[in-house]
Structures are given as structure tokens and as C-alpha cells.
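The data blocks that follow each hold one structure.
Both complexes below contain chain A, partnered by chain B and then by chain C.
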Partner chain A sequence: MAIESDVLVIGGGLAGASAAIEAARGGASARLVTHKENTLRNASGLIDVLGYHGSDEPIVEPFEAIPDLPDHHPYRKVGVDAVRESLALFDEITEGLYEGGHTETNALSPTYGGRVKPTSRYPKSAAAGLASRAEDTLLVGFETVTTFDAPLSAERLDSSVPFEVRGVTIPFPGEFRADARITRLARALDADELLDRENRTGTREALAERVSEHLGDAKRIGFPAILGDEEHREVRETLEDELGVPVFEVPMGPPSLPGMRLEDRLYEALETEGVRVESGNPVVGYTADEGRITAVSVDRGRREIPYHADQFVLATGGLVGKGIDSTREGVFEPVFDCHVPQPEERYEWFHDEAFDDQPYARFGVAVDDDLRPLDPEGDPEFSNLRAAGAVLGGYDMAREKSASGVSLSTGQVAGRNANEDLQ
Partner chain B sequence: MADPVDVLVVGGGSTGCGIARDLAMRGLSVTLVEQGNLTHGTTGRMHGLLHSGGRYAVSDQASARECIEENRVLRDIAGHCVETTGGLFVQLEDDPDEYFEQKLEGCRECDIPAEVLTAEEAREREPYLTREVKRAIAVPDGAVDPFRLCVANAADAVEHGARVETHAPVTDVLVEGGEVIGVEVEHESGPGKRVHTKPGTTEEIRADHVINATGAWAGRVGEMAGVDVEVRPSKGVMMIMNVRQVDTVVNRCRPKGDADIVVPHETTAILGTTDVEVEDPEDYPEERWEVDLMIETLSQLVPILSEARTIRSFWGVRPLYEPPGTGTTDPTDITRDFFLLDHEDRDSLPGMTSIVGGKFTTYRLMAEKISDHVCEKLGVSAACRTAEEPLPGSEDFSVLREYMDEFGLRSPIGRRSVQRLGSRADEVLKTAEPNPVVCDCEAVTRAEIRDAIEGAGSDLNAVRIRTRASMGNCQGGFCCHRMASELHPEYDEETVSAAWDELVQERWKGERHALWGEGLSQAALNYQLHGTTMSLDREPAVADFAAFDSGTETATDGGKSDGD
Partner chain C sequence: MSDAESTDEFEPVQVFPESEEMDLRPGADDCYKCSTCDSECPVAAVDDEFPGPKFQGPEQWRLKRKDDTETDDSVMSCSNCMRCDSACPSGVPLSQMHNTARGSFVENQMDKLSREYIRNRILSNYGTLAWFGSKVPRLANAVMSSSVVQTVNEKVMGITAEREFPEFAEQTFREWWSERDGATVQSDEKRVAYFHGCYSNYNTPEVGKAMVRVFESFGYEVMVPPQKCSGTPMFANGMLPDARRAAETNVAELSAAIEDGADIIASCTSCSLSLRQEYPELFDLEGIEDVSAHTYEALEYLRIHEDLSGALEESEVDPRKFAYHAPCHARNQGLAGQAIELLDGVEGAEAEDVGDSCSGISGTYGWKEEKYDTSMKIGAEMFHHMEEAEPDAGMTECPTCAMQMEHGTGYEIRHPLEVIAEALVE
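What follows is the complex of A and B.
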């Protein structure tokens, strides 16, 4: 039987999920096909909208700054209102899991590198730790979790924030191998594993006990983001009850538990909206007729199966997950071979300082105001293909701190426009 | 001012460190000064080939003979730095028969064991060789870790009483009464081991004899003393692949040419190289054509290289020397032999000798020759012992296997640590504290990092070369900050941050040259990790913290109102 839907979304990260949810809410039959894990498990779990433009002074009001961005920036394609609406959708989907929706002002979050960064939505588990909340802080790290050094992060933060930050390193309670994964430690907290049969102390209580002697005058305590996986709320609650002050997680790199929690929430929402989700197989090609895509082919191991749809959304991510790929000869978009603007000379793809304004960071497809990818002449590649998220070019999400905001807003607009265009 | 020493060695590459060890073992008082960290120069930027001599068997037989002799010595005294991979000279269908015969003949003349293999036999040893192979010559080439070997020499020199000072460039050679009497060094700031003096100060070090072992920089140090040393620096590129496509050294068997060798190194394979004369050993163009040429030419020999993932490229500068008046135009024709320049004989300037040219493989022999020379001048009769005395880490290799089980690490990690550390494994890995992995790609544990910090101070690039941490596939994306953390709190936040930034920048320097396919994808991920998640890309200039969102009350009510 032929596979048919109104809107077919390719890629299941923030952008693809937003597009599919929006299309489904508009009444379309929506299907989402995604290959590998999306970048959320690499990401910190923070939702950045716009943190910097030009200077090193972080932006307080991101919506006021958006109109100053250059014309080709994805935010300028969708407009400020669309960005607002997409955050409202995000808030609705992540209710209880995320904070920050009460204001349009950016917050400052501590990073595990010991810097602060402007962001718009933060996991509830990170809320008590905002650096824009002036309260003395204790950071706690674990001997074997080499990726978060609490004393160093604390010293770096302390030199830049208007409150005191101290850090200590303690052994994680229980018997673990020196190279136990972060997820293993999170599970021990989830299950509140017993340390010792006799006095029946659980991991959470033992942890609180170890921390309490370091508390001092601190008004809050931060841990690396490993405080439980499924049961993170209960884990935090127990620790707070035992310690008597708010407890928070410092957002971390991969594997990111806050990122995975968000991913779970998004996939629940997709299910609620009736989107058919299929993961594990890549889209490898397409057929088109008179400038319209008629179907894409999905590689199911032995066979390539055509998936038909009326409208298509390309949300395959950027260079990290190869939604944009390259060879020594050039940069390309692998599914539809949409045009990717780039300097012809490979040695002009980069600058010599790691954190310079890197040309490669802006690689991606160029789009019109309807988010349709454009060919080298500036005409839409296909009339029924839209692109969203990191596959878009013309912005540097790391430098601007705009990654998730762009994905959410362009995703939602692509889904909505696809829906409106249904024939 | 410190007491005068017998010998002051300038240059912390393989040559200088080899000399310092040799002289210190003979009982002389020695100070070595190096402008960067150890291996800062060409030694840290070479191909990793322990020459059998095969490459020089036709064109430069004197060098070839030295190579095979030293090759045997190093297997003995530096077992933990050498991998006895063996090497092949591979003739393809269109390569000249005549040269193949000359190569074979040359190897035999130089006493280099050489065995002819049929195409089938060659492909059996190296399955990824092209089907175009006609035949091959097997020789005892090896792979050598220049960092470990150089550092082991320095460590042993210190063990024998030498002073080794890094981040201490010589800014002047002191001449008094027509004689070199010492040098002036500047102790630089920046991360690194500076045990003896404060950064920002200068020091005069007096010595009975000064040895200029600055390789490609030898001309500059010569100039400071007012003598001409005609080094002709020549650059070459090397490209690191993500896996070992070959397990033996694979050479193309044809007359000289660029891009004709692949050397397996640890978990990687390294392609090389080019040979282009440059003006300045510190500032020369790193060019795209060189990178592209490696892949295009060497994939004729090993076709999967054209599809393989490149992780970075780097360049080194050969310290080639030719006696005045030789006038060779093509740098590939300049001899690979070394020269000892006695400035007393040559320039009527007593008190200083320069050593130039040569190869890494022959560093020990070079050190022996110049040490003999200097000892004779100073009236010291002690004999050289470096050909017999194993280097630290290579004393007793038989116990390796036991170590592997003993440390209870995941076995590949334990194995790799022990391979790197050799007989020092016990001393380094036996810690009371847990010993987690800091660098996943190269399986480097905390104990190794801390041991390296003890030797290298706060210079993370020096820690890197001692341990291989951050040198694998991720190029530091996941571990630069972890390495930096190990410096703290021994070093203060400012020093740690500077060292961290320096490491990140150094990693990027090589990654730039592998910026396509997987390499670009990895670079983008690293940029996201460093820029987006950690916000390392800039120091935020926050005017008013209170202007930002400080959360709501419910957000910090103890999490009690969390939905889920």
C-alpha cells in the first residue's frame, strides 16, 4: 500500500517536531521521518533565542533586538511575532518541565564551563541556579565525573557574578567503577539504590549527607545535570528537603539528561497530536515533477520505499548531524541537493582563530520569506519544499546563542505554511 | 646569577634533549633551555618514522647506514616509544623496475635486512594496498613516538642532575674577549613549567661551552654569536587519518617525490609529505595544495584513503644544512646527514658548537658525536653510555602484561596506558584515588594527566604530547575542559583558563586543515560544545545582572510544583 500524507517532515529535532506538531494542529495528516538521534542529547537543554548581536554585551530583550538582524537571518524571514508564537507553543508543550515563559527578558544561566550565558527558557531543574538571581551558591562536583569540575567552574563564575560561588568535589555515594557513565549515576538516584543493607541508607539521602557539611552560607546548591533521569523531580525534591535550600542542575554536554527529558516530552506531544513518527531510517532521495516533489524515498535497509506527500519540510539539522554535508570540493545538502551558498575556495570556509566569526558556522540553505530553499538564481528549488532549523544558513547559532529559537520558530512557520498550501 | 655550568644546551628537541642526557650521564653539569615546551620545534612536528634507512639506501648511503644502526639501538633502549611495525617499499605497475633493483641493492649494501615480496604477499600483509601493486621490499621500518622519546631523554637528564628550563628563549649569546661565555635567556610568562625563575625576568647563564641544537633555528642563534650557520629550513605537511588504514609503514618505491609514505601511529595513520624551502621556520604558509596532494597521491597506493576521515594536518620544518658553496637548488636533494660546526675551528670563536641537519632517528648518535667533541674540549674522559642504558619507561618490558590486569581499568584503557608508560606504569597508575578516564578517544586516565602535569607544569599542550589526550577523533571537543580541570586547584583560575584557551586554539589550528566531511561535522560539534553549551567563545560583558530574568518564585519553591 502506498504511503501517503499531507505533510511529510524529514528530521526529528526541535525544528522537525515543531513543524509536524503545527501541521497536525492545522488539520493535516502529518508524518515525521527521522534517521538517527537528534542533537538534543548533545545539547544543554537550554532554549536560547538571541543572546548576542555584535558586541560582547548579552542581550536583555531578544525580541527588541531581532529587527536589527540582517535581512537574510532566519528570524527576519519569519518575523518577531512568529518567534513569540513558537515560544508560546514550546511553553505549552513543556509545561511543568520548563521555566522562563513568564517574561520576554533573557535569563543568565551558568554553564558548566564556568561562564554565564543568556537564554530564554530553562529546564525547571536549572531554574534555581540562574546567575541573574543574586544568591550565594555552592557547586558540587563528583570525583569521577571529570566533565564538571565544581571548584574550577565556581572560581570562574565567582569572578564575574555579583554573588559568591564556591565549589567542592565529593565522591558519589555508592560503589561505582571509576569510569561509570553519567547515566548510570543518574539511575542510582532515580532508583534511590541502597548503599548498605544494614542502615538502609538510599543514594539520595547519602548524597545530601555528604553535601550538607559543605553548605555553609550558601542559599542554593548546584550539581552537574545528573540528578536522576525519569525521576528527576523526586530526586531534587528529596535533596531539597534534606538540605533545606533549593537544588539545581548545571546544564551539561553530552549525554545531556535535560536534553533527553525534552526529547521525550516532544515525542509525547507528537503522539498526542497524531503525528506518525518513524525513526531509524534515512531519506535518501526524491522524485519531482515540474518543480514539485512528489515523493521521497526512505532507505529501509534492503529496499527504498517511496513516501508520497503534498508538502515537504526539510528539518535535517546542520553540519553536526550531516543535514548539511561536505567533501573537499564543496558543501551540499544531501537529500534534495538544495543550493548551499559557500565560498568556492575551501580555505575561505574558516578563520584562523577558533572563535572568530567562522564562515562554516553559517553554512546552510538560503530561503525565501516562505522558507522555501532557493537555487543559485534565487528561485525556489521546489514549490512544495520548506526548510527549518539548523539546515538553514545565514546565522551562527553558537555565536548568537540563537539555536533553539531559530529551530522552534522556523519549524512552526514551515509546518503552518505547508498546511496552508495543501492542495 | 646561578653558578656557571659545564655545558649549556640551547634547544629542547630530540637533539638537545639527547645531548643533555648524554652529557649528564657522563657527569657533567648541564643546563638545557628551550623557548617553548619540549618538542616545540621540528621534533613535535615530524612523521613518526623510525627509519630503517631504506628511504636513503639509493641516494644517501651514509645516512642509511646510520639509520639502521640507530634503529636497532632505539628498539633496545626505548622499547616503550617504538612500535616495530616493519615497512614496505611498494612498486606499482607503472613505477620503474630499475629503481626497485637499485633500492634492493642499496639496502643490501647498507646492511638493511630486505626481503622481496610478491604482489600477493604484499597485499596479504596490507590488505588495503591497491591491486596495482607489482611487488614490494620489506624492511625493518618502525613507528616512533617523538614526544615520549624526547621527554624520556629530558627526564633522564634531570635524573642525572641536569636543569631543564622550558619557556626560556635565548635572546643573546654572550661573547667576551672573543669567546662565548654563556647566554641570556628570558623567562616567559604563559602556562608551562617554570620551576626556577619568575616569568618576566631575564637570566644570564654562564657555561664553559654552549651547544646550539636549535635545528631550523640554528642560523638565528648563530647570528646572536655573530657567526653564519647556513640552515635551509624546508617545510613538509603531514595528515592524520582517524584510523590505521595500514599497520606497516608503506612507502612508494620510486625516485623521490611528494606524498609517498604512510606511517601507522597509535590509533591513526599519518600521510606525508612535501618538501618546500621556507624563509622563516615559524611563519610559513600552510597550503591547501599540500593537503589535497596527500590524499590524491597516496590513494593511488592505498585507495580507501580517498574516502577516509582526516582529523587534522600539521607541518614541520626540516633543519637541512649544507656546507657553504654546495648550492643545491632542490631541497629534496640536500643531504639528510648531520653536521657538527665547531665555531672555534670555523669562525675562530671558541666556546660554542652547533649541530645541524640529521634526523630524529639518529638523534642519539648525533648527541654522542657532539658530546664526545665537547668532552674532549673540556678534558672529560667519561665514555658515552646512551646506546646501552635504557630510557626511563623502557627498563623492564617483561612486566607489561601483569600491569595491564592489575590496574583494574577497562582493559583497552589499561592496555593503552601501560603501552604509553612502559615500565613507569606502576609508579604513575597506582593511586589511592579513583582514576577515571579524562580523554575517551585515546583512553587517557586522570593519573596519567596528573603525572604529565607534574612533569610539564601548567602547559596543557605539553600535557597533551606526553599523554595523547585530546589527540584522537574529537580533537579535544569533549576533553579540553577536563584536562584544564586537572590543573585546578594546584594552579589558579587565571593560569588554568589561559592554558585551556591555548589548548583549544592549538587543536583548532590542525583541524582547520581537515574541514570537510566528518572533519567539518566534528568541528561544528566542537564549536557548539564550546560556544553554545559552555559559552567559551566570549567573556560576557554583563552591565547589569539585575536587568535579566531571575526566575519566578514557583521555580525555586523546592521543585514542589513541578509537573511532569
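What follows is the complex of A and C.
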């Protein structure tokens, strides 16, 4: 009856947020429902469009490579202009937080594992670390932050880039538990907590002091991405002032501070656009009438509450976000039970070598050019349902490095088309 | 049997002995250690000694499989805000694990004659205390607000002297209800049973009255069944036997109301969360699943079953700006945006969300002398945003969040139901 909106978006990651923002900008009343904390906290914060296709050589110009992708690839469904537009929207939302919009060429960002990765947009905090700058680099790790081994990372990087990379591991200044969360360390930098009340030395200054003795000839310094949460800009600036060289963050795994900063920015944008956001409960089913979805049901603990809308966007994520699930019998999309193309034989889901080109990585719903999921006969499952982001099949985001670009572009197109189709 | 046949009969290796009680093993196994819960935990954010929900839940559960391992006492520093539940991307039942660990710690490791135990027992049985207080409200208010009593409370009991004890109403909600002879609307089709909880009965009966007026204006027959504490403060203090005793009464009485065709309505979001989630997670009582499935927060219920937004669009209240704080327990039920969305439609009312931080009081937590500073540190972000919003009043659904908001900022705090009642009824 009463929980209504024009457009209902299911999923609160990059794809869902883009869809809801675009629909709201088009004039629709938009609502976004998301089950749990979204997976942006598990994401590096780098925005990849297309890093690899068909070879081990990184792609230099992703937009030029898009037309070479197979027909069923999500980028081919929305077209290269839509991908450009979605990045323009991203740039607008993340103004001051991200860089990379000045060029269509991929940047090469160092990873915490000591590789370089082609990416289209990167947090401002990572900018000084790009491989294209070709400046001698010092990587600094912390004894208790075991997920970043600076000497190992430096050794690997050093062997593949045309500049010198050294790594050191130091204790983080201050007294913390040996298993202190990285968010705790980030907050100590945010607040510039005083370590020494007499001399009034703050965490930032103390950190700079510890690093300075290792600086040597290095022209820039990289840290694991824990340099502050809300005050990250100030933290970095203080360190740069104290050390006299540019400072950058190396993107990390979960919980990822760059991912959390991006999440904050996206949710601010949703609020600005008037999107109603609800989290805490999953969408578990739907009602439909003559091929149109009339409502989805939200599971609020042992009862299902209908959410009505005119148009729906499915942006629940892939295998990690649980938008695609599997049993030993098959792979399925749990909300609408949209068709997920897959080999009948389970042994054809995968190849034996872990890093092979894995069929399961491409599992997801197939869509038409309007991004409507298709049934086994190739007809739209529902006339008012569109899918966006990792729930889509036909591409291997991990291998291609295309996750964020696909989410942003298909999200925006799904939101726009939903808005245009309002009855 | 050949090897090929046996592959489909996969059985996980039994690493741990079969659990005889609640089986929390699947929950522990679902944790992939992304630490999202730790990064969302308001206590861990300000208390370096607190190891965080990932430890309290899955890690401690595993450690405890060994017979000689005791529950770490840090579990008593968890405030049971339950934010970790909605943070976990992998569906680990963290609060259930915490409640279970805390219950076991209190039962097996806590000295029953210790000041902490006695204090916690009194705090978690607030309803009993309030029952006495409400018999002589003026005297009780005068006594509880005397600085001598506050000092004694702190020194002897470990209850902070920093807070003003909440005032008892001169007439409880139930007294008002029987004075007015119960329901003024009778209906066989639309019937709700009101779970008022302790606080809106003894301290803020105006919230209960607003609930009754709003529901009656939509044609509902309101029932007020006998009831005990929802258990929220007992869970948070590990007093599971007390909570279970209260649950036995509540489940029996509420089941009877459901039998009479009613759904259960609560105005306190911790009460509704407890009946919905903690009851079936922690107790196995006849009818408990049914009670869970029929329980709703008051405005949630109207939003689902009536055209509440439509009715509010034609309504008006005295122009006021509210700084709204969503209680963690409302957030867990997916209700965090509800009050703002509803009030946006009411002419005159302006509501600004003061952000997604925890208020820090978490029921009885912020009343404990040793937890008071932690509680205020957690609340600092909310106080700051409230002051920035420059409202005429604060607003929240949770009575203890309201105490904290008032304590930290001095603003008077209203319940959304009171404003909705003003819009629709008065």
C-alpha cells in the first residue's frame, strides 16, 4: 500500500548509487534499499574502466578498446559515450577527492602487493604514487599493519618500474594494541592525538619524524592507505610539509579507508539528490502483474514488507555482494530469479588453474540494450526491471579491471532509462 | 561406493564437538575477517582496550571450544548497540554471539556478590525500580535528583552522578489507560496490541498517549496487554535468566493478543527489536516466532498498512525544526530514514538527520560510572551535529538516546509519534 516511489533501486554500491542519483536528477522520486554495509569498504577506491583485454599488456586507452569487446559485454550494451558520461558524473560527485579526469589514458597505480595496476580515476591521496611519475620512492609500512609488507612490496615494484623503490617497516607512533584496527590508527592521525604532552608532539609530527631518518634520496613516500579518515587531506599535507616530499597512499584491502571515503561522498550525493536510502534488510521477493513488477518485498525479520514502485533497478552485486548466488545444482539470481546463463555441467563452471580465464567469473544476468534482464528465450523477464553493475554477466571484472566502470555506466543508464519509462 | 559417487555426498570435517545448545558454528564460519564490524563499532572507536565485535563474536566463539577457556571479560564493554549486525556483509549473527557470550560470562564468571553484578542487576531491572518509583513519583523524583543520593549512587553503586535520573510521570500510561476505560475505538478488522515497555509507561506516558490517539484516528482498536520489560537492558547486562522470565510473560500475553487478531506495536525501537530479533535468537518459547513475526514499530506499521504519507501531506504543526537522531536499534530494523521521510510531508515540521553515529548511551551502558566517559565520547559526534543543526528540539524514538541527547546538548527531545499526533489528531 504505502511505501512507494517512482524508482526503486536495490543495492547500495557504485551501480545502485549511480542509478538512484541519475533517476532522481531526471525528476523521479527515488528510493534505494541496501541490505548491509556495501562492499565499497572492501574496495581499493580505485575506479577502473578497462585495464586488460585479451593480453597481459595493460590497456593504455580504455575508451578506444571498448569497441573491441564482445557484443555481450555490458560496455557494448550501453556504448562508449555512456561510459564517458558516467565518469563525468563520477568526477562531479567526487570533486576534490579524485583525480584522473584530465585524460582518457589509464594511469598506473602501485598496489599493496607490489604490482602496478591500470586505472582511470584514483583518489587524490594516491596521485603522487603513480608509476608514470618515475621518481625514486620510499614505501613505509607499520609493524602492526601486517597486510602491507613495505620491503616486499618495494622489492617487487623495483623489479618492474624504471625508478628505485625501497621499503622500510617502522612502529606506528603512540601506544596501541598490537592488533589495533587500521581505522583506529587513521583516527589517531585525524585527531593528531598528542603522544607527548610535555612537548606537545602530535601523531602526525611523530610519524614524520620516524620516517625522515629513512628518507634518503627518495622523492616521494608511500604509506598504506590509513592516513586519516575525515581529515585525510590535512594529514597528508602535514606529512608533506614535515618531510618535504610528496606523500601518497597505497590502496589496501578491507577495511579500506579510500573505499569508506568514497562511500561517504556517494551517500552525501544521494542525500543531496533527495534519494530515500534504507539499509538493514534484504529484498527477498516480488509481486508482478502481466510482466510488470508491482512491488518487491523487503524481509524485515520474519515478515515481508512490500515496497511499491513504477520502475525497478537490480544492483545487488555479483558473487561477492551476493547478487549472484549458487548451490551445487546451479547459479541463480536470488531476488527475481532472473535467468543466469551457465553450463549445465558443474565441472564446466571452472578451469583447474586458479588464475585461468574462469567461466564462473562471467556468470550473471544477460540483458538487452535497455539493460533489462533476459529470460532463456531472450525476451525481457519484466518490462520495468533493469540490472546494473556486478549482477550483470558477460564480463570478467577481476581479469579486465573493469568493475567500477561497468557499475558506474550501467548504473547511470539503468537509472536514466527507468526515469524515462515512468508511467 | 566409488570415489566419483562420494564427491556429491560432501560432509564437512567435524573440527569441533557437536554443539548441544544454540549452534553458532555456521555464524562463526561465515566470518571472512573483513573487519567491517570493527570499523563500525562505536565502542571500539573510542576505547582502545575493547577488542571489537569480530573478537567478541566469531573469534571468541572459536577460542571457547576449548574446555579450559573462559569468556574474556571485555565482553562486558560491548554496549549491545548491534551495529555490527547490520555492518556484516556475510550475515554473521554477531549480536547473538555477543549476547550468548555475555550471558555465559555473567552466569559462570561474575561474582554474584560483586558491586558490578548487583549494580547491573538493578539497572537491567529498571522496570521494577520504576514500578516502586511510580507509586510515589514526586517523592521518588525528589530523592533521585538529590545530589546526596547521586553521590551515594556513584560511590556505592557505581551509577554515574553525572546524569539526572529520569523523572517518573505523576500518572503512568497504564493508569491513564484505565482511567479512560481503555480503547475508545472498537474494531474486529483493525486491532493492535501496544507494547509500551517500561519507559513510556513510567516516564513518558505522553508517547503512549500519542500512539493511542494516532492509531485510533486510523480506526484501530488498541489493546494494552499485561507486559514486562522487553529484555533489552537485561541482554546488554548478560542477565539472560531475568530476560527469559520476562519473555515468558510477554510471549504468552502477546500470543493471546495475536490470537485475538492483533498485531504488536511498540513505540520504543529497542523494544520492537528485542521482540523481533533477540527473542527468537535467544529463547525457545512456544509462540515466540509468531510474536516476532507480528511485531512492528508504530509508524512502520501505519506506513505499511495505511496511507500515512497521504494523511500527513494534508496536515500541519506549529513550525519547528527538529534534529533527528536514528537509534542504532531503529537502524537495524531498516527504520533509520522513516521519521525524516514522514516529517518531510508535514507542513511546519522540519527534520534534519544528525548523522549515523551512535548516541553512546546504549540503555544502561552510559549510566555506569566506569562507562560514562566512553559513552560521552561516542556521543560527541551526535552532540556536535545537533548543535550545528540549530534546532528547536531534538527527536528520536529511543528513550535512552533521548536522555543522552538532552544530557549532551540541553535540548528538549520529542518522539516522532508526538509530532505525528499533533499533525493528525490535535
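Simple rule for what comes next: the second predicted complex is superposed on the first by the 421 of 423 C-alpha atoms of A that agree within 3 Å, B and C clash if a C-alpha of one lies under 4 Å from a C-alpha of the other, contacts with A are read in each partner's own complex, and residues count from 1 in each chain.
Throughout what follows, a residue touches a chain if its C-beta (ideal position, glycine included) is under 8 Å from a C-beta of that chain, and two chains touch if they have at least 3 such contacts.
Here the structure is a predicted model, which means the values were calculated and not measured.
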### Message
Going by the contact rule set out at the top, does A:75 touch chain B (first), chain C (second), both, or neither?
### Response
neither
### Query
So, A:90: does it touch chain B (first), chain C (second), both, or neither?
neither
### Task
Look at A:179 in the shared chain and tell me whether it touches chain B only, chain C only, both, or neither; answer first, second, both or neither.
both
### Which of chain B and chain C A:281 touches, first, second, both or neither
second
### Task
In the overlay, answer first, second, both or neither for which of chain B and chain C A:319 touches.
first
### Task
Have a look and say if chain B or chain C is in touch with more residues of chain A.
B
### Query
First (chain B), second (chain C), both or neither: which does A:42 touch?
both
### Query
Of the partners chain B and chain C, which touch A:223 in the superposed model: first, second, both, neither?
neither
### Task
Once the structures are superposed on A, label A:298 by its partner contacts, choosing first (chain B), second (chain C), both or neither.
second
### Query
Between chain B (first) and chain C (second), which does A:349 come into contact with in this model arrangement: first, second, both, or neither?
first
#### Entry: Doubly contacted chain A residues - partners chain C and chain B
39, 42, 179, 254, 321-322, 328
### Query
Which of the residues in chain A end up touching chain B in this complex?
39, 42-44, 48, 52, 55-58, 60, 95-97, 99-100, 102-103, 105-108, 111-113, 115-118, 124-125, 127-128, 130-134, 143-147, 149, 151-152, 155-156, 159-162, 171, 178-179, 220, 233, 236-237, 240-241, 246-247, 251-254, 318-322, 325-328, 331, 345-347, 349-350, 352-355, 358, 360-361, 397-399, 401, 403
### Summary
chain B residues touching chain A in their complex are 288, 292, 295, 409-410, 413, 433-438, 445-446, 478, 481-482, 484-485, 488-489, 492-493, 496-497, 504-505, 507-509, 512, 515-517, 520-521, 523-525, 527-543, 545-552, 555-556, 558-560, 562-564
#### Entry: Contact footprint of chain A on chain C as seen in their complex
8, 34-36, 38-40, 44-45, 48-49, 51-52, 86-89, 91, 276-277, 280, 289, 292-294, 300, 302-310, 331-337, 341
### Task
Name, in rising order, each residue of chain A that touches chain C in their complex.
1-4, 33, 36-39, 41-42, 176-177, 179-181, 183-184, 187, 254-255, 260, 276-281, 298, 300-303, 305-306, 321-322, 328
